[in-house]
Amino acid sequence: MISAAIVGGTGYTGIELIRLLSAHPNVSLDLLTSRSEAGTRADEIFPSLRGISDIVFSDLGEDTLGALQKCDVVFFATPHGVAMKQAEALTQAGVKVIDLAADFRLQSLTDFEHWYQQSHACPELLKTAVYGLPEVNRAKLAEALVVGNPGCYPTTAILGLKPIIEKQNAQADRLIEPRIVIDAKSGVSGAGRQAKLALNYAETTDNFKAYSVEGHRHLPEIEQGVAQLLGSQFTHRIRFLPHLVPMIRGMLSSIHMEMTEAGTAIDWQQAFENAYASEPFIDVMPKGNYPDTRSVRASNRLRIAIHQDNERAELTVIVVQDNLVKGAAGQAVQNMNVMFGLDESLGLNFAPIVP
Amino acid sequence: MISAAIVGGTGYTGIELIRLLSAHPNVSLDLLTSRSEAGTRADEIFPSLRGISDIVFSDLGEDTLGALQKCDVVFFATPHGVAMKQAEALTQAGVKVIDLAADFRLQSLTDFEHWYQQSHACPELLKTAVYGLPEVNRAKLAEALVVGNPGCYPTTAILGLKPIIEKQNAQADRLIEPRIVIDAKSGVSGAGRQAKLALNYAETTDNFKAYSVEGHRHLPEIEQGVAQLLGSQFTHRIRFLPHLVPMIRGMLSSIHMEMTEAGTAIDWQQAFENAYASEPFIDVMPKGNYPDTRSVRASNRLRIAIHQDNERAELTVIVVQDNLVKGAAGQAVQNMNVMFGLDESLGLNFAPIVP
Amino acid sequence: MISAAIVGGTGYTGIELIRLLSAHPNVSLDLLTSRSEAGTRADEIFPSLRGISDIVFSDLGEDTLGALQKCDVVFFATPHGVAMKQAEALTQAGVKVIDLAADFRLQSLTDFEHWYQQSHACPELLKTAVYGLPEVNRAKLAEALVVGNPGCYPTTAILGLKPIIEKQNAQADRLIEPRIVIDAKSGVSGAGRQAKLALNYAETTDNFKAYSVEGHRHLPEIEQGVAQLLGSQFTHRIRFLPHLVPMIRGMLSSIHMEMTEAGTAIDWQQAFENAYASEPFIDVMPKGNYPDTRSVRASNRLRIAIHQDNERAELTVIVVQDNLVKGAAGQAVQNMNVMFGLDESLGLNFAPIVP
Amino acid sequence: MISAAIVGGTGYTGIELIRLLSAHPNVSLDLLTSRSEAGTRADEIFPSLRGISDIVFSDLGEDTLGALQKCDVVFFATPHGVAMKQAEALTQAGVKVIDLAADFRLQSLTDFEHWYQQSHACPELLKTAVYGLPEVNRAKLAEALVVGNPGCYPTTAILGLKPIIEKQNAQADRLIEPRIVIDAKSGVSGAGRQAKLALNYAETTDNFKAYSVEGHRHLPEIEQGVAQLLGSQFTHRIRFLPHLVPMIRGMLSSIHMEMTEAGTAIDWQQAFENAYASEPFIDVMPKGNYPDTRSVRASNRLRIAIHQDNERAELTVIVVQDNLVKGAAGQAVQNMNVMFGLDESLGLNFAPIVP
């Protein structure tokens, strides 16, 4: 059994982690820390956990680090900037770290400091941290000590572009024109479990809006993902516009591309099916399909549809996932499975909830 | 033109008042005060008002009272306890006061202090204040200086019971058994425009719950309403259980009563139709109907359905209203119309929004 | 492994059964029949099942019965009136039958024919059929060949009343006054997966309404459940009013009772905790709590809260469940576990989905 | 008073028209026809109209045309293909026709027959029909006999592009690169008032999906709108992807463009503000703003935000409207006002409903 701890855990990714780890056959969730909720049973805050988990939030003060060091893996479901302060002490004790916040997502120190407006607490460790997208980084993850769990939007964007970029890399002619528009939409749980007027039910429901076209922190992460996959000579430009959808969970990214003539010669449906044929959680939908977000609700699956229109030279890739599972906690568990050499889908192979 | 002011106005009853008063043919909305938002245009906080109203929130400090005293009527869309501190100075200057909070709802000082846990700032004025339910208090309202605008739940309860109580008063035999169950349901806007975790969209939507069966402040107000209408010998006992519905606006109260044999001899459908025949805003639905809350959305109408089952001796009265209109701001404007001798439905005769 | 079949299965209880049985460690879902969808993969209709189940809807025509007879258990997720036509042939072949419709719920033939307006196809079998509420009928279920899976509302009502009735039975004095008001609220999935204007999103959302106070078919089922538990001398009268809540899943029943003086002497919180102490799926909430429907979303748990007010002699029991799980498919699987002598919670012990 | 008739009127644009025309100071709604609902009061189908309108659906059979010919204006809130069969007889009698369906939207006969798969009943009249977008066609509308009321998506697209195209027309250099991506999102009421499984609440809520990237009928209408404004030499290519949002009303179109160097030299915020300075219903939001759909709920306003990023050469225009008002019935009334020489905002100047 893997002894696991969650630092934080009072937010939506926290409760999702508790739900997933409690049901994982090879994991024992031994420690759950929170300063604000120390001494409170998790099922007092989340009554849905009654009968599922007896775990209690604890704050061991100075002994916390020692307790965490006895675990095999520590998940950080904390705000940005927390994991990086403890990661070094943990890895030195042989504990693997999975940060669900952004401390280890951007591999460029400059980018991190620019976008998150703080200096990094362990720049050396950042160099060895692995971006936790198993479909891209599986081999590195198997050796990783510190994993930066991807943002929800970047997961859809990178996995929606990966087969295209790989095809491009294998070919001399340009397949896609330089500009890619990612018009993305997220359910409200993506904004976190917080008291905030803008998230009040009466403000949010029966309503739809865009936000952050200037400078959403997920844009550099998408660009890094695309560049990493491609090599540095790649020059595609990405326009990223997120929107808030009145639903709890779910994310849909519409990726709009223009094909070159060489691009139209490719059967992209087939290319995606080939690329993801052996992936346990990536589902390429049959031609002509429009996946809806509920088809992945509460599951770790990510579904992709390809709409190729050669006459107009348009290629549209539509990606859906549950932002709290494949976009956060489920992906973290998938990463853990890889890091510990387990079957990658262990504890994650449950059905979406429909209706 | 009536010169009107709103104190407060950054909440949901506030914006609803601004919407209604801006369109009222006999009103000029001249002053809108708020400490927290002083200097901000109302349409910056509520972009829906762009092009509708140019009014700016102001805080005149020590001059505020003087400015309010120049108006004809002041609406308080403030938390409990604010109106009572200014009401005396305003009425002395001949200004009429309509409080949308609870300062002037409970006419018993003891009740007020028990339920709202504060002493009353103007107990003398409280004695002359009128409970602002025109269908019950029309004559008194025409003379009122200070009006306590009813709570949303009490509006449905009192208007759902009024024809029964009047019938009872006209008759020697008991018509209804002593215990009345009011099982009430409210949309989320009833909880106000506030940053609160329990009101977060992801906490509230696709969810339903009861609350406050012990000691909701609207229960004494319902009891007072029933007792006032009946005279002090009335001994019905009321069980009141409110619930939170995942919808923005709307309130439905199911009132469950058991009829005596004398009660079953009455055609209650007819009794309600007679009682409300000349009311501009009370709509008794045809027999067998179930009014839904959206049938009154954004309007000042309140609809009532009567389900009488003589075999089981059960009488169920179902009442729907928009909690922000007939349950708050619309009723306040209706009160104002009565207080100023205007046609009662002036500025209020717009259609509900469906779908 | 238990070989299971589902007849029907294109509705919401159908997909929920597929989801649960696909994950059940001791079940092999071998047959799924549907006339309208014969030849179609289940995951074409429900893309959420992609990667979860390969099963195909089949219509074997005259051979269907033979194929069903080879299974160990057949679940009917069909409209009322289907199961009773096949139940005899199945039980004669030793196949156990669980009907999720109403054919075997009401044990009185007269009641069945009155409420469902059809004659019963196998009145003899009806006499031996068991009402599938394990918390009430566990012993009988262990021997049952045919099980009538309870309606969703009756599940909440009967389980919300059982400890009270048992207490009453053990005591001479009356504890509860004769009239019980059950004010119940259901999510929209309870109305089934159908094309119907009244269920259109734009008709249903941001809206709330009551329905069927006269003659909902669940009322006789509740009355039967209460009478069965109590013995025939019991004379409580039940008022049942259902409402439609704009949410997908979830049901909350508010049960309003008046205590006698003897009734107020009882600690009902304790009584409920004792009564359900060993039940795997019944959760009595701590005193003062208000369970929300999402706390059981997509799970087989049913939570109960007791609000006892001795001063007003009021006892309110609040019951929540997921109408598609404990109120339908989950309960059916729980029944199957009991019928086959398995651990009752096998395949059902997953966490609710929050948020 | 203008004597108005509505043909159809049992759908969502129908009830919205009834609501608007009932409150219009210069209109008398004299006739409402429907075959399926003949003899039924409108307020039986839409109880929200109780107390607002007494009108009854009628079917005069052979006399219908004669009755319509006595009106001044006839609105067709019917499926595609109905208005074109009666338009000629009506215009010959001097009656003005406003079709809210698509019979008179596409001015090319070939386009109409290709996209709507039927031959046109009055191709001669089609030539003189005016596309009912007052902000584009005001002068022609003043003279029009037959008006094709725009589709909801095209209204947002054309008004979101108009200032750009006008600027382009006034300048030699290309300002915008040839490819424009319109990623559009609509509330569910846009799909109409119909019994359809895909629109069932439980299918639609807490869910999000794209649809019809191939061949949505609004694409040729958008292209026609853009081409008309520009002149035939214009060669921009439009990618149009609609999505379904779980909300009742509201539409948001995100229009993604790439600026040329000449394009970045322009202050587009200023350009839009200038272009729409005198428009009563077009609101250009202050810089940096993200309008939400509720800010126009139930109103005839359309709000536009400009996000210009010169560094990335990206120009994003975000447009919101209520699909049933400015996107349908409100625009029809606005057109009527123009056609009859009334103040364009008469009967339309009401505030959006927030929350």
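A few points about this structure:
So that you can tell them apart, the chains are marked A, B, C and D in the order they are listed, and the count of residues begins at 1 in each.
Following the convention adopted for this analysis, a residue touches a chain if its C-beta (ideal position, glycine included) is under 8 Å from a C-beta of that chain, and two chains touch if they have at least 3 such contacts.
Which chain is which protein? Per UniProt: A, B, C, D = N-acetyl-gamma-glutamyl-phosphate reductase.
Because the structure is a prediction, the values reported are computed rather than measured.
Between the interfaces A-C and A-D, more contacting C-beta pairs are found at A-D.
Distance from the centre of chain D peaks at C, each centre being the average of the chain's Cα atoms. Centroids built from CA atoms put chain D at 39 Å from chain A.
Taking each chain's centre as the mean of its C-alpha atoms, chain A lies 37 Å from chain C. The residues of chain D that reach two or more other chains are 12, 187, 189, 193, 202-203, 205-206, 246-249, 291-292, 294, 297, 355, listed in rising order.
Residue ranges on chain D touching chain C, taken from their complex, read 12, 187-189, 193-197, 199-206, 246-248. The touching residues of chain B, counted against chain C in their complex, run 177, 179, 181, 183, 185, 187, 202-203, 205-211, 213-214, 237, 239, 241, 243, 245-250, 252, 254, 256, 258, 290-294, 297, 307, 309, 312, 314, 316, 318, 355.
Per the touch definition, chain A reaches chain C in the complex via residues 12, 15, 19, 22-23, 46-53, 189, 193, 205-206, 248-249, 283, 285, 289, 291-292, 294-299, 301, 303, 324, 350-355.
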